Structure formats: C-alpha cells, structure tokens
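First, the structure itself, so that you have it in front of you.
Note that the chains take the letters A, B, C and D in the order they are written out, and that residue 1 is the start of every chain.
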C-alpha cells in the first residue's frame, strides 16, 4: 500500500480532469465521481497507515521514487514521495475531512448549475494538497503549494459573477504570491548552500552551513508559511476569502490548506534547529497572530469572518508551538489535527445555518436557532467546547499542551509567549462563545423572510462525524501520548522540560480565563438583548467612553483597546496591504517608470545607450584584464 | 598560384542547403506562380516541406553521427551534436513560425501587408487589398532567416559568422516592416532595428578585425590558440573580444544593447515577433557559446566581468520595466530582456553544463514565446460595427479573457507561468538546468539574483494571469474584444502548450538528448 | 611607416562613423555613418592582412563589401518605405514606439 | 614599408571629409565627401599591397553604393537642409564623450601593441585573391549569394508597386474626362503662341493674355518664370506683322471661356485622381 501512495494524488487529479472535460454530460454523476475519488484517497491512505503501524519506529519513513524529474547536470532532481508519520497524518486528515466535505457539498451545492466544476476544483485541491504533504523535496512541495493556491483561488472565486468575490480571490492570489517568493528564495538559498532541495539533502547539509544562511533560509520559509497560513503580516486575505462557498472555507480555510505553513515549518525542523533566531521569530509571529486573530474575531459580526479570524488565531497557536522547537512540533501537529476536525465541523455548521437562513451571515440577525436546528446546534456546540479547551474535549488536549510548552524556557521569553497563549485562550473563549450564543441562543432576530430549518442528512451526517471527532479524537490520541509517539520518527524525541510555572497552575489559570470569557459572553450575548445594528463604540464619542467605564473588566481591558486595535488593523489592512497588493510594491513601478523614460523612442538615444554601454563594458574588461 | 579544388564534406551541410536552396526556389516560385492565393499555398507547402526535410536530415545526422562531428573546410563550419541540437531548435521555431506566418483571421486577413511598398492609407494599399495581393515573399524570407540562423550556430570562423549574421538579419529587418495594421509603427520598428543592427554588426566586425590582427586567423580554434600564444597583444585581443561579444549580446538583447528589443517586438507583425523572439535569441546564444567556449576561452576570466555585469543589468532592467508596461508585446519584450539575463547567468564562469543546458533553455523559451504570441494574434479588437480589427495589445483589453475564452486564456497562462519558471512547466526545468550550470562554476551569487529576479518577474506574468481570470470584463466593453479563430494559430498554441507541459513534467528523455549535445568539437586550427 | 598606423586611422574613422549615428537626424546620413564604420573595419582588416603578409584579410574585406552592399540595399529600401509613409527621413520623428 | 607621405595624404583625404558626416548641413555634400573617403580608402588598400581590393573599393563603393545613396537622396529631395539644432538633451555631449571616448580608447589600445610586419607579403593580385576565395572561403562566397537574393527581394518587397489595374487607353481617359465635365483637351503648353517657346514663358491665349497655368508650378516657386505681359506688349505692336498670323490661327483652336484659368486645373481629371475616387 505504501508504494501505491501515488494513487492518492493521481486518482483525484484524473477525476478532476474528467469532470472538467466532460461538460454538461457529467451533471448527473459528476459530484458522485468527485466523492468517490476523494473517498478512495482515504482508503489508500488508511491502508498505508495500517501498514506503517506494523513497522518499527525507525522504519517508518518510506521513500517512493516516482521518476527522475530533471536528470543530468550537477543538480539532479527526482520526483519522489516521502511517506512517514507526519505526511501520513496529513494524508489521513485531508482525505477524511475532505471526503466528508465532498459529501456535504453534494447537498450544499445542489442548486448550482456548475456543480460538477465545483467538484472538479475540489478534487484538484485534494490532489494538490496531498502532493504538498507527500513531496520529498521542497520543489515538489512547491508544486503542490502552487496547486492548492490555484485550486483555492478557483474555489474562492467560484461564484465570480459577484465582483466582490472575484476581488477576494484576487487578493488571496496576490498576497500568496508574496509568500511564494519566500519559498522560492528559500529554495534558491538551499540550492546555493546545500546543492539540492530534497528534504534529505537539506537535512544532511545543515550541519555544514553557516548560521546566517540557515537563518536567512528559515526566515524565507517563514515568509512562505505566513502567506499560506494567513499569519501576520500576510493575514489579510483570509477574511475576504470567506466569499467562497462555505464547504470551501471548511476544507481549505480551516482544515487543510491554511495549515500548510505549519507543515512547512515542522518539515523544515532541521533548518530551524540550526537557526534559533529564525525559530524565535516563528514563535513570535505565532504569538502575535494568535492574539490579533482573537481580537479581530471579537469585532466581527459576520459568522464566517469570525470563524476565519478564529482560524488565524488557532494557527497562531500552532505556529507558536512550531517555533518552540522539538518540544512543540508534536503539539503543533496535534492541535492542527484536532483543529481540523472541530473547525471544519463549525464551518459546516455555519454553512448549515446559512443554508437555513437564506444565506444570511450577519450574526446579529441570528439568535435562538437552537430550537430550529437541533443537530446543527449540538454539533456546533461540541466544536465550540472543543475549541474552548474544555476537558475532556479535543481542544483541551492539544491547546493546553501548547500553552504549557510556551511557558518552557529561560528569561522573559516564556513569560511573553506563555502569557500570550494564556490570554489567547481567554479571548478565544469570549469570542467563540459570543459567536455561539449570538447564533443559537438569545432572542430570534430574524428578518421576516427567514424560516430556519434543519439541513438535509447529506449535510448533517458529515457534521455529526466531525463533531464526534471534535469531542473524542483528542482524548483518544492524547492517552499515553499516542500521537507524540507516532510522530516521534519525524519530530524527534523531546526532552521533558518543566515550565516556569507549575503545570497545575497553568491549567487552572487557563480554565479560569476560559470560564471568565464564556461567562462574559453569555452575560452580554446570551442573556442580554443583542442589537441588530452594531453599536457605535468609537472612542471619539463621550457616550461610548461612558459605556466602557460601566462595563466589566473584560470589556474595559480587552474590548476597548481591542476595538481600537482591531480598527487599526483593519485600517492597516485596507490602507497598507491593499495598496501594496493592488499597486504592486510602490518602489518598483517608480524605478520602472524612471528607466522606462530612458526608452524614449529616439533611435539616436538608443544608439547612444549602446555606445556608452560599449565604452563602459570595454573599460571594465580591459582595465580589469590589463 | 596553384589552385586546388577544396574538398568539401557536403553531407553535414545538407540541412543548410535544403533550407537555403528552398528559399531560393521559393523566390523562383514568386516569379512563376501568378495567382496570389495559389502562390501562398505553394510557398507554405514548400516552406514546411523544406523545414521538415531539414529537420529530418538533422535527426538522421544525429543518429548516424560517429565521433564528435565533422569540421568542414578547415574550420569554417563545424557540424557536431551541439550544432545539430541548435539546428533542430531553430527548425522547430521555424516550422511553428511559418505556421503563424500563414495563419489568417476568420475574415481571411493575414498578418502581413497586402503590398509592402504601398504606404499606409494610400490608394495602392486599398487596391492591393481589394485585389487580394499578398506579400508571399515572407515565406522565402523566413527560410533565409532560418538558414542564416542555422549557419550562425554552426560556423566556426569569425568572418563567416559575420556573413551568417547578416544572412539572418536582413530578412528580419524586412519582415519587421511588413505589418498589415499599424504600418507606421511597423516601419518605425524596422528602421530602428535596422539602424541599430547595422551599427552593432559594424562593432562586431571591428572586433573580428582586431582579433584577426592579433592572431592572424579568424577560425575560432585558431583564434583560441593564437590568444594563448600571443604576447604583448592583450589590449587589442581584449578589445576585439569585447566588441565581438557585444555584437552577439545585441542579438541576444542584453542590457545595455537591448534598446531595439521592445520597439522591434512591438512594431513587427506578431508572427514575426514570435519567430524573431524565439529564434534570434537561440541563434545568438548558440554563437555566444561557440565564441566564448572555443575562440575566447583563454579570456574566460576577463570576460566573466562582462557577463556578470550584463547579466545583472539585463535581469534587473527587464524585470523592473516589464512591471510597468501596459502593452502586452512590449511586456513580453522586456521579459525577453530579463531572459537574456538568465541566459547569461548560465554562462557565468563558462561551466560545461551550460553547453547543453542553454539549448534546452532556449528550446523551451522559444516554444513558450511562439505560443504566447500565437495567442496574441487571436485576441482582437472589434470595431463598433462588429468587424474584427487588429490585435488587442493593451493589457486592459485582456481583462476577463478567461471568461471569453477559457482555453485560450489558460494556454496563455501556461506560457506565462513557463516564462516565470513555475514548476511543472518546461520553463522551470530550463531555468533549473541553466542556473544549475552557473552554480557548478561558483556563480551562486548571480543565481541568487536570478532567483530573486525570477520571483519578481513572476509578478508581471501573474498580473496578466490575474487580469485574464480574476478581473471582470469592464462594463460596456463586452463587445470590444473578439476572439479570432485561426486553425493554424490554434495548432501552434496547442502544440506549444502540450510541449510545455510534457517538458515540464517528464523532461527526462529530451534532457538526455540535449545532454549528448553538450560537447563542442574544436576544429583544427586553420 | 608601420601599417599599424592604418589601423589607428581605421579607429578614427570608426569613431567618426559612430558619432554620425549619434548626432545626425537624417536617416541616410546616419546610415552613411554605419557604412563608414564598416569601411573602417575593412581598412583594419586590410592593414592586418598586410602585417601578417596574408591575403585572408583582403578576402574578408571583400566579403564585407558584398555584405555592406546588400545591407545598403535593404536599409535604403526601409528608409524609402518610411519616407513614403511619413514624407520625412528624420530619425527623430518616428518615435511612437517608446516606454 | 609604406611611405609616410602617402599615409598622411591618405589620412587627410579620409579623415577630413569624414567629418562632414558630423558637420555638413546638406546631405549631398556628405555623400560626396564620403565618396572622397572611399577613394582615399582605395588608395590605402593599394598602398597596403591589396591592389585588387583597391579597385573593388572604387567600383563597389564609389561606383555603386555611394551612387545608390545619392540616388535615394535625390528621391527624397536634395534640397532638404538639415536643421542642425540638437533636440535631444545632452545628445551632443554623449556623442562627444561616447564616440570620442571610443575612438580615443581604440587608438590607445592599438597604439600599445606592436606587431611584426611581414617582410615579403603576399600581394593581393586578382589571381591570388581568387585562389583563396575559392578554396577556403568558397562556402562564404556561396552563402553571400543568398544574401544578395535577400537584398534584392527585400528592396522589391519594400519599394516596388506593381501595376494594380490595367493601363487606361487614351479613349478611356478621354471618356472619363468628359464624364466628370472637365476640359477634354490638354493643358496648353508654355510658350505657345508667343515668339518664345521656352518652358519658362507662359502661353498666350488668343487675346494675347498670358495663361499663368501653362508654366510649371515649380518654376514659379523658384521665381524662374518670365512675365507673359512683356511679350504681350510686343504682340500688340502693329509694326510686327508676323504676330497677327499666329493670333488668327490660334483663335479657332482655343476658346477663351474654356481656357479660364480658374476652371482649368482643379477639375481636370487625371489617372491619379480617378484612382483616389475609386479607392474610397
């Protein structure tokens, strides 16, 4: 089964091609072909998983040589796949969640005339994502990386008849290019210093490379990861990407593609081991993003955008863990897996809510949906408990470990990183509860034409399966450190370090903050009336300031600066990033324009350029040579 | 004076004879066949047959070649695997280019003026158009150009190189001036191209004269040994070498000898731009390899300065200026300047690998160029009354092309990604082997700049992709663009697109063939 | 008198020809400048030929003359075509291709 | 060894006229100066033991190439004086430093080397040249043939306008004239009916009035015409009897109304004009 692993890429790719080429003929059966292709990848992946379980720990790295991609020359390149616990984890996650979302989409996209194309793109995405995680070199990874990018742009812009959606796709496209430059740069550096870009060569070459090179490579990789995983400062595209159909958000912007950055960092562990500075930057970026994402999450009324902000924040946790080195790698991936389940589940839940509410996304227009959509409420609720980190649900097992690990270290670093992780947990509790209560509890604030109803079984079944995963997967994998042991061949065995605070204290503090967040959210959004229009909380008005003074500590401490910060961020987003993105970087065009003027159209000027150029080069060569 | 009849090995020269002979024959056809429509058909068939026959001969020679190759006439001409590889590359460009030359719009309009001598807007022009005249001389001219370029890649004598340079340049100057639409621009491009081209060939010739003065011979091998043997002649050797290289850099379009590129690319009829962009660069690179590796090899260290400076300048200028272009042909012209820089990167330090990496690089670059310009010929403006006009070359007009014609836009995107060097396209493999060559000789700082430049260059390629797929057709512009369908141009697009994908995914066999070409036969010192 | 002096003379003529291309707006005069550059190269070839005591350089110069003649034909044809369309042979005027 | 005096003479008759390329206002002067340069170069070739090439230089350059240049100069208008004012900023300086620097650099480089000069050189007599030409360089020779074909085809493509429609017979021309209501007869020739029949003298109508249109416009622009009135005065002189004969015979042929100067020229159809009509 391990040698057949290439099938998991080939099957969805072929299926995607068939769907794209078949035309309207495929309208009747196209979606089921897509589902079958996706399901088959899970079957193959699971077979490989069983086979690998039967192997000893050190044998669990299986290279599948496909063919010599670029033979000849001093730099040779093979197309090969690497099956090891890390990649297999991703294969299972992607194929499993992916298949569920395929099933969900069959119902969700039922009324779309281009459903087969949607499934073609979904299959393409699955193939590219699996190539990304199975590649045995950065180059092939890059191919998958671009592939998921492409599929994601196609899917975000799937309803591109609406200009805003096309703009969102464009933004995602361009911001991701910035990240891609990071990956290209990193590969260039690797080629120059290690003479190869496959993981094995890089790992072997690290010991001989200078710290400066490694740091540069690490930072370039981080830039790539930031672009793909929507980390600071390249986070802006994720919120807009919610314009795509909801299953897309669940698959790409929650469970799989956005976590590719974390995968990249963990996969590049050898590089980061040699570059502690770069590693620290990774952790810092993670910490910053997790706080920032949480603050943004508090300010959003659009349910999908709030979830997107939450994703950003949760990936911040993973990044933070990945930046901690070997003690964090396993937890980063662990959280990635559990997050994949509960966040995908919640996105599907949001989709179900939208499905029942005429595509309404404003949470201020929800409320009291509990009764109307019981299954959605229960499944969403399990995801909510999981992300909060309430024991014994999944999130508890993964997130708590990250918080603990963040407190390990010397000097102020653990206090800052740990503090950020801890505060983030409280913020998460607040905004996720806000979202949950605003949607399912309180009074109904529906508009007249909305008649909420539960979604069909094709949609609820995947939600239920994901909810079960959200609830128990963490516990299952955490018992006896099963997951950490499974990943050990890749991430290495981590020495146990004691945090700067006792573990029980960290846990208590976390749970207390979570409880505080939930309570506050309930008080304000569950028990109290929620205005259907967003209240004006601008600092500019005295009234608003008074409001803040009356309010609780939570609001006084977090929301006011939070609002402020959020607005600043939103502004920075709109003003800086957008301008940079839309106009291209500002400096280059100016230089370009200046040089362009030299091309005046006057042939005599051209001749002059040539003569002067000739004199210069001849002087350089002759004076250098004599 | 006794005269001994020279013993010439005719067999290795067969491809040249076929191509140039067919060109001469085609000139006769001009005189014999009077009806323009028949003549066009005859010319097209003659060209294609000649090019295919030459390609066949090249392949046969490749298969039958024993040893390193043949030196014809004491080092005037060297036919080795390297030369055969280049000839094949040029013949493929020539074939695809000829198809584009013959492509016509739905309304039966070709890319060339109906009467080259008629000034734009004149009565003669209208009359000629109405009478269905065609400048069918473009086919023999293209054949002359292909033949000259093939010679250019194989000659190993500076003076013969000069003659070959002119043999392929003169037809190009003429072809550039023959656009059907925007004749004034076409004339302007031709005038600039011609004047600067003549200027640069004078520079080349003066350099050749200096090298002849220093070494007493113009055969590459002899010049090489002469340089080693000469003492106290460094000043004129170096000057001559730089002048010769500069003459070739002009044809390659490297900064600061690039100024003709954007204007000639934009002014020329698009099929000519396609052919010229693909083939001229290949021919120039081929000659550059032979000159640098055989004749000027002893000056490798001194000339490395020149290569580094021009490579960096070309990459930076090409990329930066392409970023601000609003005209698609100009954008591709600047991109070609950046590519000239990439080609020079591979030559840094004269690594062995470059000798086979560059033919491959230029092969795939040529394919993408031909494909991209073939797409451009099919995106047309539409007049208010619905008639299809000239090519829509403003970038803004390409907005939303993905919705008008997904396959065409997809092919264009593929070519652009290949230019940008995105993996799984042939362009990536080309860049990989080319930069790999440079790294093997310690040129990694240059490669690093090249990688950064490629990444930055990806911006303007991607900008067009974004424009095609993610931007809406502007309001009230729905009818402003027509996608014209020309079977021949479509064939070019399909062939090149398939080749780009295949060479990107499984380049192995082709690369292996090119690797065999990585040997230069150094002829006897004449 | 050393024939190398003729090479120096060739250098002077080459530079004058180059200068003519840069300063003259009349396309024909600029083109004559190019011709002068080619002739300068020829002079150098013949002078070197004399220095080496061979006739190869003379044969090369002969080739260059043929090439130059062909080039002149094409060049003047282009100039005439431009003149017919624009009624001018100024090099400054056709300057729409730029940027 | 070359005589120093000859060298300096050659240097003078090549370099000094060559500067006309940069400084002369009229293109024809430049062309003629270059002819001189070419002759100088031919002299240099002969001095350098290349007699055949010297002759070829004269034949090819002064005889063919420069005449072609002159021909094209005539075609585009000999009179054009070039405005020497530089329009591109800094171009003069760039030219001075670029081209001047290039020349200075080349001279400095060449002057630094010394090459041993062959004592008994092979003299470039035609048979010697031919021997080398058809031995080692025979392929180049053959390829040059293709170059010449290209040049010829190129010149034809860019400049030759074939007859696009059948030539009109005299009958058709006349019919066309009548159809558009123009004068069916030819324009009067200058100098007719006067005692002068030179081109610069206008014809006189039967009344003896000069017909302005009968003299070429070009001559008028150049102020090279003569006044018809002057001759008229002579015609009215009764003492000259011969004039009345001419006057009498002229009356029958030309109708004053038809020769009305305002009507004559603009309405006259010519092949060019009708082409243009059709072309639209």
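By definition in this document, a residue touches a chain if its C-beta (ideal position, glycine included) is under 8 Å from a C-beta of that chain, and two chains touch if they have at least 3 such contacts.
Here the structure is a predicted model, which is why all the values come from computation and not from measurement.
Q: Between chain pairs B-D and A-B, which one is joined by a greater number of C-beta pairs in contact?
A: Looking at B-D and A-B side by side, A-B shows more C-beta contacts.
Q: Roughly how far is chain B from chain D, centre to centre by C-alpha average, rounded to an integer in Å?
A: 38
Q: How far is the middle of chain A from the middle of chain B, if each middle is the mean of its Cα atoms, in Å?
A: Averaging C-alpha atoms per chain gives centres 44 Å apart.
Q: Taking each chain's centre as the mean of its CA atoms, how far is chain C from chain D in angstrom?
A: Roughly 21 Å separates the two chain centres.
Q: Distance-wise, how many Å sit between the C-alpha centres of chain A and chain C, to the nearest whole number?
A: About 64 Å separates the centre of chain A from that of chain C.
Q: In chain A, which residues are in touch with two or more of the other chains?
A: Where chain A meets two or more other chains at a single residue, that happens at 596, 599-605, 607-608, 611-612, 614, 618, 622.
Q: Which residue numbers or ranges of chain B touch two or more of the other chains?
A: 116-117, 159, 163, 166, 170, 173-174, 177, 191-192, 195, 199, 203, 210, 213, 235, 238-239, 262-263, 325
Q: Find every residue in chain D that makes contact with two or more other chains and list them.
A: Residues 88, 91, 94-95, 98-99, 102, 105-106, 109-110, 113-115, 128, 136-137, 140, 144, 147, 150-151, 154, 157-159.
Q: Select the category (line, ring, star, complete, other) that matches the graph of chains linked by touching.
A: Its topology is that of a complete graph.
Q: In the complex formed with chain A, which residues of chain C make contact?
A: So the residues of chain C touching chain A come out as 18, 21-23, 25, 30, 91-92, 94-99.
Q: Spell out the part of chain C that touches chain D in their complex, as residue ranges.
A: So the residues of chain C in touch with chain D come to 1-9, 11-20, 22-26, 28-29, 31-33, 35-36, 39, 42-43, 46-56, 58-59, 61-63, 65-74, 76-81, 83, 89, 92.
Q: For chain B, which residues count as touching chain A in their complex?
A: Where chain B meets chain A, its residues are 191-192, 195-196, 199-200, 203, 234-235, 238-239, 241-243, 246, 250, 255-257, 259-260, 262-263, 299, 301-303, 305-306, 309-310, 317, 320-325, 353, 356-357, 422-424, 429, 432-433, 435-437, 439-440, 444, 447-448, 451-452, 454-456, 458-459, 462-463, 466, 469-472, 506-508, 511-512, 515.
Q: Where on chain B does chain C make contact in their complex?
A: Interface residues on chain B, with respect to chain C: 116-117, 119-120, 159, 162-163, 166, 170, 173-174, 177, 183-185, 187-192, 194-195, 198-199, 201-203, 205-206, 208-210, 212-213, 216-218, 262-263, 266-267, 325, 327, 330.
Q: Which chain A residues qualify as touching chain B in the complex?
A: Contacts found on chain A: 67-75, 77, 139-140, 142-143, 146, 153, 157, 160, 163, 166, 169-170, 173-174, 177, 180-181, 184-185, 187-189, 191-192, 195, 584, 588-589, 591-593, 595-596, 599, 601, 603, 605-607, 609-610, 612-614, 616-618, 620-622, 624-626.
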